[in-house]
Amino acid sequence: MVQLLSPEGDFSVPKQYAEYGKYIERLNEDDFLKFYRDMARCRRFDNEATALQRQGQLGLWIPAIGQEAAQIGSGYGVGKNDHIFPSYREHGVAITHGIELMSILKMLRGVNHGGWNPEETRFHLYAIVLGSQVLHATGYAMGVKFDGKVATAIKDENLAVITYFGDGATAEGDVSEALLFAANTQSPLVFFCQNNQWAISSPTTSQTRVPLYERGAGFGVPGIRIDGNDVLASYAVTAKHMDDAREGAGPSLIEALTYRIGAHTTSDDPTKYRTDEEVAYWTARDPLKRFEIFLRRQGISDDFFDEVAEAGEKLAAEIREATFALKTPEIEDMFKHVYSEPHPVIDEQLDWLKRYEASFGGEN
Amino acid sequence: MSKIAYFNLPDVGEGLTEAEIVSWKVKPGDTVTVNQVIVEIETAKSLVELPCPFAGVISELMAAEGDTVEVGKPIISATVADDAVGATVAQAETAAAVHQAVADVAASSAAAEERTPNLVGYGVADPNGPVRRKRAATPVSTNTSAITAIPAAAAAAGHLAVPTHPDTQVLAKPPIRKLAADLGVDLGKVTPTGLNGDITREDVMGMAQQASVFRNLSTPAAPTAREERIPVKGVRKAIANAMVSSAFTAPHVSIFVDVDATRTMEYVKRLKASTDFAGTKVTPLLIMAKAMMWAVRRNPMVNATFTAEEIIVHNFVNFGIAAATPRGLIVPNIKDADKMSMLELAQAIEQLAATAREGKTTPADMKDGTITITNIGVFGVDTGTPILNPGEVAIVALGSLRPKPWVVNNEIQVRQVTTIGATFDHRVVDGDVASRFVQDVASVIEEPALLLD
Amino acid sequence: MGNFVEMPIAKAINAGLRKALSEDSKVLIFGQDVAQLGGVFRVTEGIHAEFGDSRIFNSPIAESGIVGTAIGLAMRGYRPVAEIQFEGFIFPAFDQITTQLAKMQNRSEGHHPMPVVIRVPFGGGIGAVEHHSESPEAYFAHTPGLRVVSPSNPNDAYWMIQQAIRSTDPVLFFEPKRRYWQKGQVNLDTPPQDLHSARVLREGTDVTIATYGPMVHTSLQAAEVAATEGVSIEVIDLRSISPIDFPTIIESVKKTGRLITVSEAPNSFSIASELSARITEECFYHLQAPVLRVGGFDIPYPAAKLEEVYLPDADRILEAVDRSRAY
């Protein structure tokens, strides 16, 4: 397992991971501070969203608490042309690619199904059907290869694709089929599996008999395991694998071992299937905690951490206000974009619904 | 400035309807901050801590530990800043008014347009029961095809625009088509009055013809010759002589009564539908015949013959039916019609008409009639003053049956109305007898059940 | 004016695919055995030799993968024409078709058009084993976001496959496999037409038959027999199963007053049921008889020895015509 930053905050690059160490060498202090800020931002946003759900403002919230390092680190390892196919918990990756946090909340409030522009942001919409996005990512990567945007001399134009999915999703047939297609076509795709050890109430041991980083071997997709709570390892390993894919190395798999500190969603009750001891064990391995220790050892002072905490409160207040101000969508919205070309049934039914709604409000 | 804010119990688990208050973490008077945990609740799925949606001072805990509260009901109130964001907020008022406001919030959720449902799960059903939103216009057409698109004006007027039909198809709902088929009505000849340009039940009923022994005649072409001379001989001569002898021998007096024949029409319909009468023509004429014979029993003088020496009152009825044939008017009669059952009479009438159409009526058929009916209604004529058949002292004219306004139970209704006209020989039948006879016939037409007597 | 050539439906689709490949460099064809073999029905015969691996290639035996990667390719700007080898094997891809392909445009608020065509041979009458003779079109017609079409003759097959490829919406293209080798005149110069228009193939005055795919031929045969008995049947080829061209059918039913639907699929919960419901609503005052559905029975498609009893034929259609006229 690739680990560059221990839970105690010690940084060291084992010899066999020297190539990953090189990626850390290229980072400067600003990069480190950026990593921390975004992890903190992600955490604060997540906690506020849970509170909003408990206050009846969101139908559902999907916490990513505990997985910030895997997401922020890998998110920053993605190249400037690369495309990302997430599942539904990658709020940290969204932050690294400038997705408006309110966009995510709009989805959970029921205003729309996502709403951000996947082409512009290169961060595709959340996928609720487990594993479905992995096939889309594979098709996209195949297309990139057909376009000839892999391993060309013009480095700036090359691109690769990364897709995120959890340990539970690896059981879905679509993930296996995607590994097969990607390997057959040697497409530029990194399969990033966040193993947060729980799929609602099912532990990883019920989803696989073999460590998940070995899953791809059967299909011809080499894999590696990283410490998902180590933001530096997450960054370095992802960045290298994306670079390799862009250079024509074909698909690869990264298993980020982390832990889902929160519940599956706000409808879930983890106390029914796991122990407080286990949660405590992993809480002690909090990705923010260890990185804070690391940063303080680098000389970063209280001022920075206070500023981050304050920014977090400000963010939370903004999110609250924006959430309460969200309006119900227009009736027309649900008829839009069902088809891109004109369709008689859509026109007829929207027309009928408008007349129906207009028929109310008279005197009896 | 401050106001009272309420926190309504949210649906925390995608479709929950209620939760139990397990323990309060605050009490009235406590200052609370946003997201401070204020209560622990237990739902069907799990134990959940609820964070406070606003900052302020707790006013009231609106449910006790151990209470089960429905989703959407307020559980806590607090005084908050005027610009505080969050949950249901109402103006600060006296305690009683506040409670009323809370009750109103719950009760008004059904009618108010701005009812904000709890998100996934939408809380519990309105305690007042289901309500319907008030409609302004008549039902929106389900008709969504482009071909019969509703022009805005017609839609506003509350009914569908009448579609134009380049084709010759008549419009009628399936049940109406069946009715028309049963009644022998040609839909192509019916004027539709339905809102959609379709033929209605009333349209069909109005066109339903009585038993017709007569063929409809069409307008012939204008003759080219200036005159046509028809010799008076044979049947025409005999008719002429009979008419003269009748009209100028017997003093004719005619009386009329309008009657609501709706029940007769319904009775005719039921007879038609009955298996006994399958294959047999049933028309209002049949009921009229029966009515006349019933009235004859009660007023025997109308079923008689006048001779110079004596008036012969017949204790049988040879029931004559005036029939128009290509050769002229004849009056064959059904011998001993009063002894026949309804079915036998119907069959005899049908037979008589068929025979007359074929021109096969014999002189014997036409002799010894005792009372006659003439059906002028088939021509669309309301009533008339028929001439007595020689040897008889009464003749009844059955006029057309039309829907007309009538007073029923002090209300105007549309009923099938007909005029019964009758002519009598005043040498034999006095005014009172004539009137009673006609009234008796009318009574049966109005209430066929009298025939059960 | 036209450039007419006689060819069977399989070759007409082949010609249409070649034209589409030549006109748009983003068109890709893939599926099981479509390349060197030319497809198990030879519909893509010769295309690989002409266009090569970069335009037409074989897929692993993974239907969900075929459709899922088609979605990704469409996001990347390609126009994938995916083949599912037999309609009986479309079900592993059902999730990707209904939860992903059908909804992607709506979910992405138009940022991801889905110009994907899924070609599927369907229908029975070829004496095959299980899963090779079904008519599952209703599952897809019932899914908002998809378009479903089926050509009944070579000329329609030729221009409809091209039009389906040009569409930016996902199209299920059901090919009547028992008619693959039925020849007809194809106008190679057919201009682009409305993919969702029905066509009156035979005019009549007494009864309207609305049908599609393999049953069009059977319905025309029934109409010929009926004519010898003095009954005039109007036969309409839907061509588009979703959306249905209702104005054409309504105009016909207003003339005849009687509608019969003919399809191989089981009658219950079918395209036929949709026609019946909608025509009853739209033509209520014109109907002389209820809409009658001629279709398969509500049983799994039977073993081949019984399929001729299962499938509607001219007699079954004429029985319905008699019943309709008896009202």
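The chains carry the letters A, B and C, assigned in the order they are written, with residues numbered from 1 in each.
The rule is simple: a residue touches a chain if its C-beta (ideal position, glycine included) is under 8 Å from a C-beta of that chain, and two chains touch if they have at least 3 such contacts.
The model shown is predicted, which means the values in this text are computed figures rather than measured ones.
A.B. asks: Going by the average position of its CA atoms, which chain sits the greatest distance from subunit B?
C.D. replies: Between subunit B and every other chain, the largest centroid distance is to A.
A.B. asks: Name the chain with the Cα centroid closest to the overall protein Cα centroid.
C.D. replies: When every chain is reduced to its C-alpha mean, the one closest to the whole-protein mean is C.
A.B. asks: When the contacting C-beta pairs are counted for A-B and for B-C, which pair yields the higher total?
C.D. replies: Pair with more contacting C-beta pairs, A-B versus B-C: A-B.
A.B. asks: Distance from the CA centroid of subunit A to that of subunit C, rounded to the nearest Å?
C.D. replies: Each chain reduced to its C-alpha mean, subunit A and subunit C end up 41 Å apart.
A.B. asks: I'd like the Å distance between the centres of subunit A and subunit B, where a centre is the mean of that chain's Cα atoms.
C.D. replies: Comparing mean C-alpha positions, subunit B is 67 Å from subunit A.
A.B. asks: I'd like the Å distance between the centres of subunit B and subunit C, where a centre is the mean of that chain's Cα atoms.
C.D. replies: 47
A.B. asks: By residue number and range, which residues of subunit A touch two or more other chains?
C.D. replies: Expected reply: 344.
A.B. asks: Scan subunit C for residues touching two or more other chains and write them down.
C.D. replies: Expected reply: 246.
A.B. asks: Would you give the residues of subunit B that are in contact with at least 2 other chains, written as numbers and ranges?
C.D. replies: Residues 142, 145-146 of subunit B each touch two or more of the other chains.
A.B. asks: Which bits of subunit C are touching subunit A when the two form their complex?
C.D. replies: Touch list, subunit C to subunit A: 28, 54, 59-60, 62, 64-65, 67-78, 80, 92, 95-96, 99-100, 103, 105-114, 144-145, 147, 167-169, 196, 243, 246.
A.B. asks: Could you please specify the touching residues of subunit A with respect to subunit C in the complex?
C.D. replies: Touching subunit C from subunit A are residues 112-115, 117-119, 124-125, 129, 132, 134-144, 146-147, 173-174, 177-178, 180-181, 184, 336-341, 343-345.
A.B. asks: Subunit B touches which residues of subunit A in the complex?
C.D. replies: Subunit A residues touching subunit B: 48, 51, 53-60, 109-110, 266-269, 271-272, 317, 320-321, 324, 344, 348-349, 351-352, 355-356, 359-364.
A.B. asks: Which residues, counting only subunit B, touch subunit A once they are in their complex?
C.D. replies: Answer in residue numbers: 7-14, 34-35, 45-53, 85-87, 118-121, 133-137, 140, 142, 144-146, 155.
A.B. asks: Applying the document's contact rule, which stretches of subunit B touch subunit C when the two form their complex?
C.D. replies: 142-143, 145-148, 165, 167, 169, 171-174, 177, 196-198
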